[in-house]
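Both complexes shown next keep chain A, but they swap its partner, so chain B is in the first and chain C is in the second.
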Partner chain A sequence: MFQATGLTKWFGQVIAVNDLTFESRAGIVGLLGPNGAGKSTLIKLLCGQLRPSKGEVKVDGQPPWGNRRLLSSLGYCPEHDRFYEDLTPLHFVSLLTRLHGYPADQADEMARKALELVELSARLESPIRTLSHGMRQKLKVAQALSHDPGWLVLDEPLSGMDPVSRARMIRLFRDKAGEGTAVLVSSHVLHELEAMTEDILLINRGRLLAQGQVGAIRELIDAHPHRIALRADRLRDLGRELLKHDDVVRVEVSGERIIVETRSPDACYTRIGELAAGGDFQVQSMLSLDDNLEAVFRYLVK
Partner chain B sequence: MNDAMKKDRPLPGSLASGWLVARLFFRVSLGRRRILWIALAMLIPVAMAIYWRIAEGGDGTAFFTEMTVNLFLQFFALGLPLYLGVSAIRDEIEDKTIVYLFARPLHRAVVLGGKIFSVALVVSFALALILSIVYAIAVSADGFAEVGKQLPRLVLHMGVLAMAAITYTALFSVFGVLLRKPMILAILVGFGWEAVVSNLPGAFPRLTLLYYLKSLLGLGPEASGMMSLLIPPIDPAPFTTAFTVLAVATVLLFTAALTIGSRKEYRI
Partner chain C sequence: MSHDDARIYDQSYRPFAGDLASPRSRFLIIAANELRQAWKSKWFKRIAWFSFGPLIVFAVLVVVAARFAALGGQMEDVWMPFWGIQMFFAMLMVFFIGRGAVGEDLRTGALTVYFSRPVSFMQYLAGKWLAVAVGVLGVTLVPGVVLAIFRWLAEPDTGLLDFLLWLGSLLLISGLAALCMGWVILAVSALSGRARAAGIVWVVLFFVSFGIGEGLAEATGIYELNALGFGQASEQLARGLLGGGGTLGEVFWFSLGQLGWALLGLVVVLFKLRRWMRV
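Up next, the complex of A and B:
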């Protein structure tokens, strides 16, 4: 469905997407990467909003730039939070649906259905500027869904939504994929994508780091030495004690704390807890330094 | 590919889509604040006409012609397309809302054309409305019978202002689609090049659109000072020549705006 070959996009001196080659299957594809990884640029290339500087990008075997036929079945939810603020959700979605060639009455009906799907029916006539961030996210999804697209590209669609709305939205995307819609959804949060799909494209700094099942990505993450910063007495003795275990890769004394790198964070946390509880060491604080994807990406790039 | 993609949906028509984009402009881009500013600005000629009528009086038809050339043609017919023509497209690019339109099955030229058309329509309408009011106030000073008699003059002036609105909208739209910060250059071209060069002595005015617009009214450059003694101002261009030059320039500028805008990538 989505295909890239040597896809490269640069803006002046900055390379946003660098020599990406991949091919995705039908269903939901998760595009995972930290902020600034090139996800949005890749999405804009896929949606025909940008042209490749080098290489090629295809959707359903066709280049998307200026391809009206392809755009007629695209549902695109952009990342940015920008709207025609004075319009109402109904007017906004209906007007955009009409641009797909539907007559006014039908477009109105389709817009109402899409807004109902994302649970915005109660705010059909409120000016967009009065909507909360979560509602605005839903509105972006609604305008992408209203014309019953054949392929759906969603750039960080869950950002700013409350947990209940997230769960409903995830179910909605899965339903759409179940109906045969090809869905590409980006996020920098792995567990969000895990809830939607097994197929992940992992990118960072414009490069494709991995493509495959979520499980494989999880393994990569688990293989990443996790860093824990500790403040305690007798730092060197504590470090020596921790190094006796195989999962501890490295210990570094840095000022009044030590940084422990472990391949098994859960076991290491338990062990530190036991050492403190046994009275061998007085641990004043314990802090995970790698609780985000950024650290995993840095590790994978290395 | 799913059923929705397999279905050969008819693509939307360009005219209908362009009109929808234009309506979106009227509703959104024009905005209340912009309408207020335009309305306030357009009250200036009405106020001037009322003041003239009360305080000065005289030849109403001559005053009306003077207003058309000095205020409407050289200021409003330039300023309004500059203000709206540049911003109609640039604002949407800056706001990134244009992505909602560019992600639809429309030629980008339709999106841009719809916006340019709507600016030209708004400017023409606003100029025609205020010009009619000024006409009524000014020419009625010569007697109410004169108001009816001079109607062809009003129609001609309206036509010239509509031509100016369309031509300048096309010109400033080129800046809007081409440049990231188009306003300064647009002001320099509008109120620098057009306003100044069109009144220089010699053949220089032929390089401006304003010269041909004035020529449609049978008026030439108003060159003055030492230079004009040495190099006398040129005569107005014949009506047909002026009209042809303006029509060709409009088509070329309009085509340039649509072509550049359709091919250019915007980081939206």
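Up next, the complex of A and C:
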């Protein structure tokens, strides 16, 4: 459904998406990553709003850039509010539905149905400026759903919603996926995505860190040794001391520092801290060499 | 009554099975939405109705002038003052329709939503421009044509050919005004971002360009420099083409002035929206 090969996007000197390769299956795919990871850029690339600097992206086998036929069956919910404040939800959704070519009365009917799905029927005629943040989120989802899209791309759709609305939205997305709509949902909150799908793409700093079932990724991360660079006196003695513990799989002396590989970074950091505090070693600096992984690790285990 | 006579009808939502509108006509939806938004303003409605006031006054003047002419007198041609007033109304209409047209979309990021639909960049621009053009034509071409018909009926000496020439001239002058004012306001809107700021800049630009054009023309004695003011240029075109008081050269320069403003506006809009041009 959604496919990327070597997908890269630069903004001047900044690389937002870096050599991403993935292929998603039908159903719901969660796009997970901390703020600034490149999720929104990837989504814009998938929605044809940005052209890849390198590599290619495809939705249902077709590149989305400049592909208006593909856009006809794409529902996009942007991250930020993109609204005309004086319009009513009904007018707003109806207007956007009409841009797909539907006659005015049909677009109105489709807009009403979409607004009903997101439980905004009571505010059809209220100006958008009077809607709460949660309602505006629902409105964004409604405009993405109104034209019965075959592909649904939702950028942080649950942000700002109350727990009851979140649960209803999650059920709605699952229903849509059950009806055959391919859904890609981004979030920086893992448990939100876990409630929707087991299938996630994990990105950080524009790179794909992991893809697959959440449980399997957790296991992989647990098994993946984490590297810590240390500057201290008596490097070899420190290395020997650390190697006494089962989680430390390797110690390498490299110039004036040692690199420790551990499967339990939190325990290892604590241990190094204790050794330094106890006066056994003078630790001058401690640096994680796997920042990306550490961020994700903390993310997944918190 | 048997069960065979009873029916329970499905009232639930049914997917649309009819024909979709042509993708080429979707700019009309954008234009209609812009006009609908402007129409919500009570001041816009008032100005739209008031813009037909001068038509009544000038229609009376045409009758008076026809009677006066029959008595051997001569009155100055009505077209230039009429057009001057209508250009003022056009400026106000443009203020209401166009001030937030592109800028608000850029500021709020609405372009992201627009271009996630099967709408091309050119359709978007055409829709935005058309809304402004309809406003301009509504207060220039429409009352102009009505006045031309009235004058043709009131003046026994005016033949069908004169009438048709008036119509052609009205089309050209109002078309150029719509082209020029449409692109200039879209450029101002794109540069200003906020509708209120764009509105103020638009009004200032209208009068300042008018003043500069007229001032330079007077200071240098080069009459064609009036073309620098886009309102003034249109007025002078009306004098030249409708009033019969201008040379072909003047008509050329005043048309060029308007086209120059339109081109400048278009270039600015394209520059501000360059990121979306290939969408």
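Observations
In the analysis below, the second predicted complex is superposed on the first by the 218 of 302 C-alpha atoms of A that agree within 3 Å, B and C clash if a C-alpha of one lies under 4 Å from a C-alpha of the other, contacts with A are read in each partner's own complex, and residues count from 1 in each chain.
Following the convention adopted for this analysis, contacts are C-beta pairs under 8 Å (C-beta built on N, C-alpha and C of every residue); 3 or more make two chains touch, one makes a residue touch a chain.
Remember, predicted model here, so these are calculated numbers, not experimental data.
Per the definitions stated earlier, placing chain B and chain C onto a shared chain A by superposition produces a clash between them. Once the two complexes are overlaid on the shared chain, A:60 sits against chain B while remaining clear of chain C. Using the contact criterion defined above for the overlaid structures, shared-chain residue A:95 touches chain B and also reaches chain C.
In the superposed model, A:106 makes contact with chain C only, not with chain B.
Using the contact criterion defined above for the overlaid structures, shared-chain residue A:19 touches neither chain B nor chain C, since it reaches no partner. Of the two partner chains, neither chain B nor chain C is touched by A:119. Of the two partner chains, chain B and chain C are each touched by A:148. By the touch criterion defined above, A:241 reaches neither chain B nor chain C. Residues common to the contacts of chain A with chain B and with chain C across the two structures: 44, 47-49, 51, 66, 68-69, 71-72, 74, 76, 78, 80, 82-84, 86-87, 95-96, 98-101, 143, 148. Considering their complex, residues 1, 11, 44, 47-51, 60, 66, 68-69, 71-74, 76, 78, 80, 82-84, 86-87, 95-96, 98-101, 143, 148-151, 179-182 of chain A touch chain B. Chain B meets chain A in the complex at residues 1-6, 9-13, 17, 20-21, 24, 27-28, 31, 95-97, 99-108, 262, 265, 267-268. Considering their complex, residues 13, 15-16, 18, 20-23, 26, 29-30, 33, 37, 40, 104, 108-110, 112-120, 278-279 of chain C touch chain A. Residues 44, 47-49, 51, 65-66, 68-69, 71-72, 74, 76, 78, 80-84, 86-87, 95-96, 98-103, 106, 109-110, 113, 143, 148 of chain A are the ones that touch chain C when the two sit in their complex.
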